[in-house]
Amino acid sequence: MGRFPVPDVETLPADLRERIEAETERAGFTPNVFLAYAYRPSHFRAFFAYYDALVADTELTREELEMLVVTVSGVNDCLYCVVAHGALLRIYADDPRLADQLATNHRAADLSDRHRTMLDFAVELTEAPGHVDDADVEALEAAGFSRRAVWDVASVVAFFNLSNRLSVAADMRPNDEFYTLGRD
Amino acid sequence: MGRFPVPDVETLPADLRERIEAETERAGFTPNVFLAYAYRPSHFRAFFAYYDALVADTELTREELEMLVVTVSGVNDCLYCVVAHGALLRIYADDPRLADQLATNHRAADLSDRHRTMLDFAVELTEAPGHVDDADVEALEAAGFSRRAVWDVASVVAFFNLSNRLSVAADMRPNDEFYTLGRD
Amino acid sequence: MGRFPVPDVETLPADLRERIEAETERAGFTPNVFLAYAYRPSHFRAFFAYYDALVADTELTREELEMLVVTVSGVNDCLYCVVAHGALLRIYADDPRLADQLATNHRAADLSDRHRTMLDFAVELTEAPGHVDDADVEALEAAGFSRRAVWDVASVVAFFNLSNRLSVAADMRPNDEFYTLGRD
Amino acid sequence: MGRFPVPDVETLPADLRERIEAETERAGFTPNVFLAYAYRPSHFRAFFAYYDALVADTELTREELEMLVVTVSGVNDCLYCVVAHGALLRIYADDPRLADQLATNHRAADLSDRHRTMLDFAVELTEAPGHVDDADVEALEAAGFSRRAVWDVASVVAFFNLSNRLSVAADMRPNDEFYTLGRD
Amino acid sequence: MGRFPVPDVETLPADLRERIEAETERAGFTPNVFLAYAYRPSHFRAFFAYYDALVADTELTREELEMLVVTVSGVNDCLYCVVAHGALLRIYADDPRLADQLATNHRAADLSDRHRTMLDFAVELTEAPGHVDDADVEALEAAGFSRRAVWDVASVVAFFNLSNRLSVAADMRPNDEFYTLGRD
Amino acid sequence: MGRFPVPDVETLPADLRERIEAETERAGFTPNVFLAYAYRPSHFRAFFAYYDALVADTELTREELEMLVVTVSGVNDCLYCVVAHGALLRIYADDPRLADQLATNHRAADLSDRHRTMLDFAVELTEAPGHVDDADVEALEAAGFSRRAVWDVASVVAFFNLSNRLSVAADMRPNDEFYTLGRD
């Protein structure tokens, strides 16, 4: 898989090994992103610590968070993130089709005003960050997001603009399991 | 400054306070990015831990790292990062003009082949991540980057695609000092 | 479904009814594209006659044809075509993952040179038709396509640039069945 | 002419020969598109049957139909369609200049609100199909198009997104006559 | 015509009046660009003095100069310049069809290598000036342009990037005569 | 400097020599743009005569004129114009930071409505001239620009779309002095 060596899990520092084992237990397989980042332990720690912070300290539901990830990853053409987070979105939204809709075109999904506004913002901040303006933030507030939640939306979008770029540069490939998880 | 509240430093958790004090001592002023992220301490910790990892564990010189940051931030129209990291680049490269050149158009700077190839890659990974290909990685290797260094280049580009987007969403403004640091 | 009335199949002209019944029998459900086009019987006949000609008189394998459709539909953000033809591609290629790869980014799929060249051409003819040049046709020939097969590639790309645009304008929605067909 | 062989009309199936003779009689010369498509008789039949259906079963005037064709073909940089349908537009609109205006920039033509809205929609559906939305359809209705006419507008735009792409891929060249027809 | 007042020629300063009379005599009608610029006599003088310098002091043939103008104006969607300079190109090239070809898509015209390279450069300098590079200049030299002629090519492209923008901002309209001049 | 020979000032025609001496006296150094254009005296005269007319006959303040230049040059990635006119803007606006803000992203500067509208127009006329419309001109008027001032705004934008393109084609480099002028 990919453009960088994948280390043997046994040889990794204990904290990485533990995290990988926990993730493997939770998922039933080892998501490839953990193996890819293990190439550089200090980056592994930083990347997942940031991800954990986004999930733990947020005004967004987990479903909303994954809606953002899948939409942004679709815009950025990132296969790993579309497929792996597509699976998570199917599970958290309890909806077997929403991920394919958002990855292809969020305008073709039946979204609440709140979610349509959220994803319009995500696409703009991804495609043309310099165009973001007070009016965009006000549109989010008018759709029901607190100012604190606006930070969370922007942070998730920003983080996956990082994640998408490292994934494509590393040519990360989604585990086969992700393609079908949550489809029934 | 910006679209989110800036907390009083005195009220922050000790680790944030210590980091902010250390940065203030080092720079002679408190760079606004630290105050902006302090709005959400868990995100502050994650963001700067990632940044620290990129600086500490890398095959790139500090000058190369800042060349990447300024070029990417110019493409993304991010004022805070262009101005603040422009100052860092002037200092680390000991060159008062390189930052303005890269922020405007890296093709108009007198670069070595190594650095021109590095910045061409940075622009492509920023503007069109889905277009990155084996050929791009091979071009970096032909210009003298080890495979390990390719990861570092990609990671810096990816991280500042995060940083640029949060900065513009938060409307972070560079401290006045950054505009002139390292110009003489 | 969608932005135009869907007629009662019972009221349709006999040839449309027969086609719809045949398709329903073949698929086990009535693909929505047949109901959408039935709104205008003369357009229904023309659209499916063209499609039938492309499938019947071609130098491409059916798998190649569906690879083209899914790639083009991904570029054009067309949900109906990505999902419905994604199912067909999974079946004809006997590959449960290729469709998601091509819909997201054909550069992230493990393709033969022949297929990579074919899909590079498809993307260019979709995104920037005026840029197509003798060199592009020669690249297809160098990858093993006869001149006659070049016509077939171009025709499939062209036809789905029609189909994608009518689908999004009509807001056609894929049948639920398409999301999962061929995934195991 | 072009990138594919042009068959001898005498050798073509009778139905193609008859159509070509009828078109030649009508125009006073044989429009090259008929010779180009004759390379593949089954595709010839499908292409012109669709075109005939669009012209025969429509809520648009013939002038409006050709306005759409010329505008879309200008966006797609398709020489054959700009020049051949430019001639048709001059004739149907009884206006020797409208075609050059629309092929260059529909915003620079003196259009009724109805036609400006129609062509704005045509440009969006051509350039960014995934952006089309309920609001665009409502704008057409507000400009006087019935819902049924919206289908016709979208169908013409879609069909010429096919036609433009096959024309450029085949490098079809307009007959000399088309450049001057209807200019006085 | 247009968005700015057109002064009465009788009231203009003598040098403008003389120029306008000379142009009127030469063309048989008064090209609208002279009336449009007469709104601001000092700008009129500067604009036409620059134009005169480009025509008088150049290594390009007049035909090449007009090829550049029509191609650039097509990219910039400028109706006045496409139509007025289209007429000039038909006359100087003694070719009734080249202008329509270049305005639509210079890749669809039968050009010498010299002219194809010249127009590829013109399109790049128009669409993405920051991308121009030593390699582009070397390509022009390889196609037979002296270094001095490269300056002339760039100057014509640059000047009509000015002219196109003022024409569209002023909504200048081509005289009816230009649409047909040189077509037979 | 650059891609074209720079003549010896002593050998230039008297009017060029005088202009260059006057500019040198005024600035304390010879701005490189004068040496670059001196390669072709007739073009030198035309270029600076136009520039002089824009500055002398205008409804804009000199500060506004330089705001336009820096913003347009940032969009066009022109190093010479960003740096040289950045210095002029710092001086005329008596603001050491506005130039860096506008060159990076005019949306990140604290602008009056008048200036925000003016620069939004400048960006549109630069990036997509064919999209300019009556509504854009009306927006300028609503922001306080007379119709005559609209011409001036458009003319400055148009002229620097010329200037930017010749500068990048010639690879003009800003004098070192411009990088620091007006920063304190």
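Annotations
Going by the order they are written in, the chains are A, B, C, D, E and F; count residues from 1 in each one.
Everything below uses one rule, namely that contacts are C-beta pairs under 8 Å (C-beta built on N, C-alpha and C of every residue); 3 or more make two chains touch, one makes a residue touch a chain.
Quantities reported herein were computed from a predicted structural model and do not represent experimental measurements.
Chains touching both chain A and chain F: B, D.
Seen from the C-alpha centroid of chain A, the farthest chain centroid is that of E.
Set against the C-alpha centre of chain B, every other chain centre is closer than that of D. The mean-CA centres of chain B and chain F are about 29 angstrom from one another, to the nearest whole unit.
The geometric centre of chain A is 22 Å away from that of chain B, both derived from CA atoms.
Rounded to whole angstrom, the centroid-to-centroid distance between chain B and chain E, based on C-alpha atoms, equals 43 Å. Residues of chain F in contact with two or more other chains: 77-78, 105, 107-108, 130, 132, 168, 171. Every pair of chains meeting the touch criterion is listed here: A-B, A-C, A-D, A-F, B-C, B-E, B-F, C-D, C-E, D-E, D-F, E-F.
Chain C makes touch with chain D in their complex at residues 3-4, 39-40, 42-43, 45-47, 49-50, 52-54, 56-57, 76-78, 125-126, 129-130, 132, 134, 137, 147, 150-151, 154-155, 157-159, 161-166, 168-171. Taken together, the chain D residues at the contact with chain A in this complex read 130-133.
Across the interface of their complex, chain D is touched by residues 74, 77-79, 82-83, 96-97, 100-101, 103-105, 107-108, 168, 171, 173, 176, 179-180, 183-184 of chain E. Residues 105, 107-108 of chain F are the ones touching chain A in the complex.
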